[in-house]
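Which chain is which? They are A, B, C and D, in the order written, and residues in each are numbered from 1.
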Amino acid sequence: MKLHEYQSKRIFAEHGIPIPKGEVATSSDEAREIARKLGGPVVIKSQVLVGGRGKAGGVKVAKNVDEAEELADQILGMDIKGLTVDKVLIDEAADIREEIYLGVVIDRALQKPVVIASAEGGVEIEEVAKTNPEAIKRLPIDLPVGLMDYHARNLAYDLGLRRVFVNQFIRIVKGLYQSFIDTDASLAEINPLVIIEGEKLLAVDGKIVLDDSALYRHPELVELRDIQEETSSEREARLAGLSYVKLDGEIGCMVNGAGLAMATMDIVKYYGGAPANFLDIGGGAKSDKVAAALRIILSDSKVKGILFNIFGGITRCDEVARGILEALNAVPTDVPMVARLVGTNEEEGRQILAQANFPSASSLGEAAQKAVNLAKGA
Amino acid sequence: MAILVGKDTRLIVQGITGREGGFHTEQMIEYGTTVVGGVTPGKGGEWSHGVPVFDTVKEAVNATDANTSIIYVPARFAADAIMEAADSGIKLVICITEGIPVLDMVRVQSFLVHKKVRLIGPNCPGLTTPGEAKVGIMPGHIHKQGNVGLVSRSGTLTYEVVQALTDKDIGQSTAVGIGGDPIIGSTFIDILRLFESDPLTDQVVLIGEIGGTDEQKAARFIAEKMTKPVTAFIAGRTAPPGKRMGHAGAIIQGGEGTAAEKIKALEAVGVKVGQQPEEVADIVAGLI
Amino acid sequence: MKLHEYQSKRIFAEHGIPIPKGEVATSSDEAREIARKLGGPVVIKSQVLVGGRGKAGGVKVAKNVDEAEELADQILGMDIKGLTVDKVLIDEAADIREEIYLGVVIDRALQKPVVIASAEGGVEIEEVAKTNPEAIKRLPIDLPVGLMDYHARNLAYDLGLRRVFVNQFIRIVKGLYQSFIDTDASLAEINPLVIIEGEKLLAVDGKIVLDDSALYRHPELVELRDIQEETSSEREARLAGLSYVKLDGEIGCMVNGAGLAMATMDIVKYYGGAPANFLDIGGGAKSDKVAAALRIILSDSKVKGILFNIFGGITRCDEVARGILEALNAVPTDVPMVARLVGTNEEEGRQILAQANFPSASSLGEAAQKAVNLAKGA
Amino acid sequence: MAILVGKDTRLIVQGITGREGGFHTEQMIEYGTTVVGGVTPGKGGEWSHGVPVFDTVKEAVNATDANTSIIYVPARFAADAIMEAADSGIKLVICITEGIPVLDMVRVQSFLVHKKVRLIGPNCPGLTTPGEAKVGIMPGHIHKQGNVGLVSRSGTLTYEVVQALTDKDIGQSTAVGIGGDPIIGSTFIDILRLFESDPLTDQVVLIGEIGGTDEQKAARFIAEKMTKPVTAFIAGRTAPPGKRMGHAGAIIQGGEGTAAEKIKALEAVGVKVGQQPEEVADIVAGLI
């Protein structure tokens, strides 16, 4: 789960990281009032959970209160990569001298959190990794030991930070690391951390991505979820406990198991089709889950054919077959479908589908080919 | 016994009285696995599926001489369960549980680093040595005893490949699901090393997916250390970046972890990569 | 620094440990009011920082409000081992079925915290260690790993706790351990943890001793210090940064270094005297510290002779000599004294004392003998 | 060089620009110790007492090839300083600082357990190999080169005993103060083991005090492993229970850690225990 910039920065501030003064507005009137209270120039920043807000025109500087109102009015309601802006953050504009990147992520190879820093802030760290990998400094943290002052100090000197910033930097690195740990994040990032007038560091933009598996420990963070940022399909999938990712193709896929679901997408492509989605119904899915999955797939108007691929281990093929038929009763459609059910209770599953004249296939390859052909015929 | 589990396995089931744990205990016993006990705090003294239940792993190990534990407890108790097993003399821990917080697994791995315990998983289907022991949730009937070792980050995709092998009459020495999470106890390399030195394994199938760089590391290991042929399958050629494909570990991030780069790395060291499970079986059979 | 029972139990309660309902009273009126609010029988417990309150009559059960007032009146103002009771805790009386001991301390040999538990609660754990060492269960905790549920569960079963208590016990052990860690304690103890009606566990008495070296991290705990529990000498020593322990003898000792201070006491004893105190002025003490130390020693009317033993390393003998003379100016006395100054600037120090006709000695043995003889002559 | 420090010592001083650190750096250099640098965060690039100052231990080690570090930083920064030294390639760390929170030291010790670093202290006077190197705060002039190893939990009491030895013309191989805190990096046994295998040490003096059971453990070690004679002095015969005698570690608790039981344990294994420093010297000299 991603947090908005303003939510992330508030968490950072609670951990002692300096952030600009600012507040969130949902109307241009509010924006004007906030700008008036802040005084001086402000930045109006759209709060949507996608990257590239700046390029899309979702971040603007206003020199005065009138401009703030006007720009907020422009940005609110704007569409950025399919998401409608309904909140803007009004921050005091900072006099930026230099920009630093600072982030904490889990390093999969080291199996521990790693602090990543670069003196080239303000751009995406992946970009720096390509153009100037030397500029990126990495500090792996042993979780049981934690982040000690000397770790952060070594990082500061590695980064070539001037001495006047070192102690501030240590506090910020520790605050960011603690934000990461305290929220069970998978990413906590300040980009950029800027040097402003008076030799001070300030976190002007921030981002936290939470570990969904750990949300149960953080009910207060779950409340921060912005449901307006989910499509209705994503929402339905989340509530039904399905793993769903919308793609651009025309073959809807319903599979049990993430690896198999990806393999199914790949095979659809191999046979000349394009997958419309990734969808894993998980292990031991019952018919109601299958029905929910089918509804989600059918809600995508691009879908011209649907492929069911079930390898029954915990999941029972007869349950899935019944689920498909139930869902079709509830959501009638003329999109052609083909099912391939193997494993636990495969005979029963096939019989149920055969009785309903539902097309089936015995191998995954055959099923994918059929689905692609059906979709072309449709 | 090929690798890790077999006739010598003496298994306890942590979470034996739960729905999942109970169902699979029955399946494992039916397959012929030596299940010697179960652990559910608060239910010690009861019996479940014909084996005694204990309150703690320590008691279970003392009473049954178990050497292996399989964990089916809910995610929020799983880190504790793994550490308890590791602290009680168990040598091989298999964690089936899905959805364990990443920081919990970071903690577990740093706890295990100085212990002589092997962890498989979490979020894995377990492992099966056909004809000897099935420890996990793989459907037993798809396997056939033989000399091909399997190692996979996936669950049902593994079954698919096992089935494809069995359909072509190619048996397996041991099939190991290492799990789909970003932080796992045993990596491809750990299992490849075991297969390389296992006399009952003649060749190996590696089933990878997008996310991380474990397949690339495996490729380096194969080039440097493996004498046995390896065939691979990589899922997620069509997966877009930035989206988590079900598994917590299956996500292309910062341009890293694509199927294409994994396939390239494997092919560069002479590993043949199949495009479909059936093709993998054909390669293994020497038909391609 | 020791915390009172009521302070310790409040900290435990903040960590999720069940404690009896109760409040502190400083007068019998207040005690009556608290007893009335609690309803039913109550326990009146003197809050003084010494053991054996019960035996000294400082803990009584009152069946009703009148008795509560009467007993509080008796206990308030009582003298227990030299300390005056000025606070009583009025707790709901518990219907105690069984008593358990539960504590956390640092194990010096293992160099880690250890949870200690015994089914024989209500008596001092040292007593159990002597009479029934088997009954004591020890659970060492790896600080970086922390206390996991399974640790506490194993402890519960080792202790032979009935199953109905196991989950409560786990929560209490974790709460106690966390209290210990969060307060930087050197001891956190529940004794007894009792089993009451309804199969519940309740911490009826508790104790926390804080690590003085870590107090700087806990300003909120420092505020809990009960200065009425210190003698004025202890207080002056603490404020002057001196390490002082009052003893029963007649030879006052002023030494630099804790080991040497103990050795000096031992040698006084060896030569037939008895030390009046342990007093370490620390390293590099200046004359003002020496003067404070002398004032503290002289405030003990039993002191019949004073022995100064200084081995100058960081500490300079001339500084000490000047300090002695300055202090004698400020606090004139006819208690006889002898000084033995060696090490850094010993010549200058001796000359300063010789000019003031201050008796001195060259070896520690000689100095101790002289001090003992002078005290006998006095 | 007898044990731990000597001509090969290349010392850096953490906290060199502080009052204590500066004073003792001067004293150590005057004694002949090879001080190669200092560390004070924020003062890198300056010079102090003729040696360069660095911001981090890593830089100091890289620039000076230091192998030993002595720590004079305030208590609240000491744990960090010890861990930084251990993490930067230093092999011997001596921590003089007094008043480090006990839990900080627990953390430090658990951090050091898998590292190849020896810690002496904290709250100790350091150590001196007469004629070669003085690393710490012991007054240099009291020492005399010789073949008696000293190990002590105390500071000034150690000087008293060293002086008594020197007064009787008995020289020392190395004098080691292990510190008066409950949790210390090196115990009596660690140092006794080094003296036992040091060809320049012929006999050992152990100076203990009340609190803990380290002297009793040392007695067992002496009985089992030491061939060289050991003489002891134990401070605190007159100390009452329950009162902390200055040192955080010097407290008789739960009836444990009295001078009497320590003396008994030592005498039981043939160690002669002196009642005064002069008596210790007489025993060492063979007069008693």
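Throughout what follows, contacts are C-beta pairs under 8 Å (C-beta built on N, C-alpha and C of every residue); 3 or more make two chains touch, one makes a residue touch a chain.
Being a predicted model, the structure only gives us computed values, none of them experimental.
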item	value
C-D compared against B-C, more contacting pairs	C-D
Cα-centroid distance, chain C relative to chain D, in whole angstrom	28
Centroid distance [mean C-alpha coordinates] between chain D and chain A, Å	55
Residues of chain A touching at least two other chains	144-145
Residues of chain B whose C-beta touches two or more other chains	107, 111
Contact graph of the chains (line, ring, star, complete, other)	other
Chains grouped in pairs wherever the two touch, ordered by label	A-B, A-C, A-D, B-C, C-D
Footprint of chain D on chain A - complex, ascending	145, 148-150, 153-154, 157, 163, 166-167
Residues of chain D touching chain C in the complex	23, 75-76, 99-107, 109-111, 125, 137-139, 142, 152-160, 163, 180, 182-183, 207, 209-210, 212-214, 217, 233, 235-240, 243-250, 254-255, 259, 275-278
Chain C contact footprint on chain B (complex, rising order)	41-42, 44, 55-59, 77, 80-81, 83-84, 87, 107, 111
Contact set on chain A toward chain B in their complex	106, 108-109, 111-113, 125-126, 129-130, 142-144, 181, 184, 186, 211, 213-214, 216-217, 243, 245, 247, 255-263, 265-270, 274-275, 278, 280, 283, 311-314, 342-344, 363-365
Residue ranges of chain A touching chain C (in the complex, touch as defined)	144-145
